[in-house]
Amino acid sequence: MAGSLSVDLVAGAPRPEHGPGVRADGADTDGAGTNGAGTNGADARRARRGRLIRWALLRLGGVLFVLWAVATVTFFALRLIPGDPAEAILGGPGSQASAEALAEARAEYGLDQPLFTQYVVYLGHLATGDLGTSYALRDSVASVILVNLGPTLLLALVSLVAALVFALGLAVWSTRGGRIAAAVGSLLEIVAAAVPHFWLAISLILLFSTTLGWLPPVSVPGPLGLVLPVLTLAIPLAGFLGQVMREALLDAMESPFVLSARARGEGDAGVFWRHALRHAAIPAIGLVGWAFGSLISGAVVVETIFARQGLGRSLLSAVQGRDVPLVIGVVLVVALAYMLVTTLTDLADRVVDPRLNRVSR
Amino acid sequence: METAALVVIAFLALAALAPSVLAPGDPLAIAPLDSFQPPSLAHVFGTDESGRDIYTRVIHGTGASLLIGIAATAIGLGLALVFGLLAGFGPRWLDFGTTRFLEVLFAFPGLLFALLFIVVYGPGVVTSTIAVGLSTAPGYARIIRSRVIQVRTSPYLEAALVLGRGRPSRIARHVLPNVAGSLFVLATLGIGQSIVWASSLSYLGLGAVPPAAEWGAMLSAGRTYIASFWWMTFFPGLFIVLSAAATTLLGRGIQQRGRES
Amino acid sequence: MSALLSVRGLRVRFGETEVVSDVSFDVAAGECVGIVGESGSGKSVTARALLGLAGRQARVTADELRFDETQILDASAARLRSLRGRDIGYVSQGALVALDPLRPVGREISDSLRLHASSTPAQRRARVLELLADVGVPDPELRAGQRPDELSGGLRQRAVIASAIALGPRLIIADEPTTALDSTVQAGILDLLERLRSDGAALVLISHDLAVVSRLASRVLVMHEGRIVESGPSASVLAEPQHPYTRRLIAAVPTDRPRGTRLGPAPTPAVPAGAGAPPHAAPAPAPATPLHRNSGVTPPADLDSADPGRAEALTPEFPRTPVVVAAGLRRSFGARLAVDDVSFTLERGRTLGIVGESGSGKTTVARLVLALDRPDSGDVRLLGEPWSTATERERRPLRPRVGAIYQDALSSFDPRMTVGQIVADALTHGRSQRAGAEVAELLRRVGLDERVMNRRPAKLSGGQQQRVAIARAIAPAPDLIVCDEPVSSLDVSVQAQVLDLLDELQRDLGLSYLFITHDLGVVRHVSDDVLVMRAGRVVERGATERVFGAPQHEYTRALFASAPRIGGDLDLWPLPSVGS
C-alpha cells in the first residue's frame, strides 16, 4: 500500500544528492572550464562512459550482496520457527505430518546436517533455482511462482502506469487552476494516500458493481476484470506521486529558467512540455522503484479481494497455511524483482537528469 | 484544512478516552435477532453478525486501534533512532555497515517483511503490531540518518566548534534538538500509516480477531460478508481513513510550519 | 529621435503593497540607461514589468509603457510573446538556474530561433555556434552541447547573453548581469554589453553596483523603495549627487575611502533617516564604553574614540605583538593544491586583508587559521602558542581568543535558537541569569535594540543578522576575528554600516582582523596590510597603500585594472592622500 510519508521524507530515501548548488562567488576564470568538461569532447565522453561502467559494476555488486543477505535472512527465518524445522516446513508446529513426510523433509533440506552445511546447500539450491517444494500445493515452489508471476507483474505494471498518468494529471490540474484547485488537489492527494487498499476496493465494488453494475466484483479474464483491481492499486499511489510531482512542478514553474524561457517568447504550453515536465518527472522516477514494491505488497490484498490469481494471493494463503517454503520462495523472488527495478530506475534517473553523472558515487 | 484535521483528532481522542460519551451502549452486547441490519436510524452504522451495533463498536474500538498504531510507530521509531543515530554519528565503517543492513531490509517492500515475521511467529494482535513496527523502521532510520548527517555538517555546528564547544556538548546542544524536531513530524505521519497497515493485516486475518471491539477485528469478521453486508467493513474502514488522513494532515502542517520558520 | 522605450508613471502592486511607484524614463536606440538600487528598491520588478512578466499576482499600471509602436499593457499575449526574444532581449544573472539545468545551452539558445523564425535544425545549429563565438565563448562546438553546470560562471553568463541576443533585439534589458562573477570575468562581460550597445541596441542595465553601471550607462536612475529618487547623466549624478539617498549610496562605497573613515551615517538615533552625514564630516561620538569584560586586553591610554573631530583617525597604537603567525602553510585536497606555501604575521589591533578570486585558496587559509582544518605542512601559532599542531583538547582553552564571522550569518546560527540564546551561548557562563544583562550590553554595542533578544534571526534583515554574528564573535572578548566575506551578500549601505562597526570595535577592543574578500574596494578600505592570492599562492604582499598604489606583480595589476570603479576610468589605483 502507498505510504503516506511525506514527499521529501521518502524522497530523501533512494535519491542521491543533486549537483552543486549555487555558490556566491560561483565563477571560475573564463574558459578554464573545470568541472569535468575535459580538454576535448572525446576525452570527456570516454571519462563519462568509464564512470558509468564503474557505477554499473558497483551496483551489480551491491545487488548481489543484498540478495545474498536476503537469502540468509530467510534461511534463518525458517530456523527461527519454534519447534522442529521439519514440521515447520510441512505446515508449522502441530502440523501432524506423517513420519515419512518428516523424514523426507529432513532429507531434502538436510536438517540433520550441521547448520553451516545446511546453509551452503541452501545457497546452492537457490543458485540453481531450486526453491523447494510447497507442502500445501504439492508442487515445486519454483513452478508455483512462475505460474503466478505473470498476472501479478501485469497488474503491477498497469497500475503503475495508471498511477503515473493520474498523478501527472492531478499535479497539472492543481497547478494550473488557481488556489482552490490547489487546495482540492492537495486534499485529494492526502486522502488518497491515507486510504487502505481493502477499503478502497470495497467502496469501488459497492459503487461500480453493486450499485451501478458496470464492472464485475471479481476479476474475470480480460481487460474488464482488470479495471477495479488496477484502480484500487493506482489511486493511493497516484495520491502520493501526485504530491511529489506537484511540488516539483510548482518549483519548476517559478524558477529563473522558466522566466528566461518566457523572456524568449515561450508560451505556457512550451514552458510546460519543454521545461517543467522533465523537472517534475525527476522525483517521480526516483520513486518508481519504491512504488513497485508498494504495489506488490498491495497486490496481496487486491488479489485476495478480487479473487485474482497471482503471487499476492498465493503468498497470503501460504502465510495462512504456514507453508513456509512457498513464503520464502515468494519473498526471495519479490526481493530480486524489486532490486532489479530499483537499479533500472536509478539508471533512468541518470538518463533524465544527467547532472547525477557528475557526482562520483 | 488543518483545523478540520485537529477537530477530527480531538473527536478520535475523545472516542478513545471516553467512548461512552459518544456511544452510551455496550459494544459487546449481543442481539442475535438484530443481526445483519443495514444502517438505519436505530443503528447508524448497522449491525454485525451477532447483532452488535457497529457504531458503538467502532467508537469503543478507537482506543485499541489508535493504541496499536501508536505502539507500532513507537517500535519503528525506537529502532530507527538507534540505527539512524549510529549511522549518522558513528565512524565511517559503522555508517557503511548500518546502511548496507538497511538496504537489505529495504529489499522487502511493504507488507512482505511483516508477512515473513508473521509466518515465523504466528498471527495475532501483538505479532502484527510488532511486524508493522519492524517494517517501518528501515524507512525512518534512513530519514533520521540523513537528518543527523545534515545537521552534523551544517555551518552552525562548525560555529559551535569555533566557540570552543566539545563534541558531547555540540551533540547535546545542537544536534539532538534539531534532529528531535523532525522526529515529531515522523511520528505524526507514522501513526496514520501504521494504523492503515495494521488494519490491513487484520483484514487479511493475520491480526486482531473478534469479538474484540477493535477496527481490525471488525474488518476481519466482515471479510466474508463484503458482498452482502458491506457496512460491516465499510464503517470501520472509514474511521481508519479518517484517522490516517487527519494525522497525516497534521504532520504535514507541522512540517510546513517548520519549513517556513 | 523619439525614444525606443518610453515609460511614464509605472506602478506595480502585489496585493496591498506597491513595490514600484511612479517610475518614468526613456531609452533611445544606442543608449545605455542604468538603474541603480539596493535590494527591495523595485528595480528587478521594473525590468520584468517592461516585458510584461511581472508575475501573475502583480498588478501593473502605467500612464504609458511603450516599446516602439506597441503599448505593452494593451498588447495581446501573442503580441507580447512575439516581442520577447525577438525585439526585446532579457539577460538575467547567469546563476546555475538562469538556463534550464537539464538541457544543453545550445538548445536554450536555439529556442529563441525556433520560436520566432522558421528555420531548419541545421540552420539553427549553425546560428547557435555563430552566436556563441560572437559572445566570446571559446570552442563553441563543445560548449553548445554542455549543460549550465558544466560551464564556468563567466561562460554561463555569456551563454545567457547569447540566448537573449539571438535575433538581434533592439532593446536589451540586463538585470544584474555581472553579480557573483570575479572582477576579471566581469570586465569581459561588460565589454560585451558595451559592444552590443555601440552596435545600435538600446540597453537598460540594472545593478546594485554603482561602479558597474557608471562604466556603461550614459544616464543613470537611482531607485529607492520603489521610486526614482534621482536621475540624470551618470557623470554628474555620480560626481555631484543631489538626493541624500544617492549621496549616502555613493559615500557607502568603500573604494577610495581611506582606512578609518566612516562610510555610513553615525548610528545615533538623533539623526533622522535619510538625512545622512556627508562623507567626510565629523561623526557623532561613538559609544565610549569599551567592552565590559575582563578581557585581559586593556585599551591603550591614547584611545580617542570619543573625540568627534577625529573623523579620519589613524589606527591607534597598540603594542605590536603578533597575534597570529602562519608559516609555510600547505593544504591539498586530493590532486588539487589549495594553499601553497602561505605565510604571514598579523599583529594586535591591525587588519590583514586577503584578497583573491574564487579558487585562490583564501577560504582555505581562513579555515586553517580557525583550526577547522589541518595543514599538510607548515603551522599556525596563536598568541605564541602552538595552534595548528595542537590537539583539539589542547586548543580548547585558547578557542575563546578567536572568533569568526561568515558571509552567510544566518546559516551559522542554530535555527532553533533566539538571538539572545545565540549570543549568550558564546559567553563563558552560557545561558545563566547573569548572562542576560551582558547579552543586552553586547547587542547595544553592535547597534541592535535589546528587544531583538527574543526574536529568531531568520526574521531579521541581512545586516541585523551580521550584527548578531558580530555580537557573538566579540562576546568571549577575543583577540582575533576571522572575517570570511562578511559583507559580500549585503547591500552597499548596509555593508557600510557593518564595516564601520567592525572598525569601531577594532579601535575600542584592540581586535585583530583577518579579513577575507574578493572585493577590492572593501579590502583596500579595511586593511592595514594585504595579501593577494592566486591559485593557492601569495603573489603579492605589503602595506595596503603600497600594494594598491604601485602593484608589482602582473597578476595584481591585471586584477586591479579589471575592477570597475565609479567615474568609469580604468586607471590603476592612484596613490592615496597620505597622512590625511
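So that you can tell them apart, the chains are marked A, B and C in the order they are listed, and the count of residues begins at 1 in each.
The rule we apply is simple: contacts are C-beta pairs under 8 Å (C-beta built on N, C-alpha and C of every residue); 3 or more make two chains touch, one makes a residue touch a chain.
Treat the numbers as computed from the prediction; the structure is a model and nothing was measured.
On a Cα centroid basis, the chain most remote from chain A in this structure is C. Looking at A-B and B-C side by side, the one with more C-beta contacts is A-B. The mean-CA centres of chain B and chain C are about 50 angstrom from one another, to the nearest whole unit.
Once the centre of each chain is set as its mean CA position, chain A and chain B turn out to be 21 Å apart.
Among the residues of chain C, those in touch with two or more other chains are 408. Per the touch definition, chain C reaches chain B in the complex via residues 370, 372, 396, 399-400, 402-404, 406, 408, 411-416, 425-426, 456, 458, 472, 476. Those residues of chain B that touch chain A in the complex are listed here as 1, 100, 103-104, 107-112, 115-116, 118-120, 139, 142-143, 146, 185-186, 189-190, 192-193, 196-197, 199-200, 203-206, 219, 226-227, 230, 233-234, 237-238, 240-241, 244-245, 248-249, 251-252, 255.
The touching residues of chain A, when paired with chain B in their complex, are 1, 3-6, 9-10, 12-13, 62, 65-67, 69-70, 73-74, 77, 80-81, 183, 187, 190-191, 193-199, 202-203, 205-206, 210, 217, 290, 292-294, 296-298, 300-301, 304-305, 315-316, 318-320, 322, 324, 327-328, 331, 334-335, 338-339. Considering their complex, residues 154-156, 158-164, 166, 173-174, 177-178, 181, 261 of chain B touch chain C.
Residues 19-37, 40-41, 255-257, 259-267, 270, 274-275, 278-279, 352-355, 358 of chain A touch chain C in their complex.
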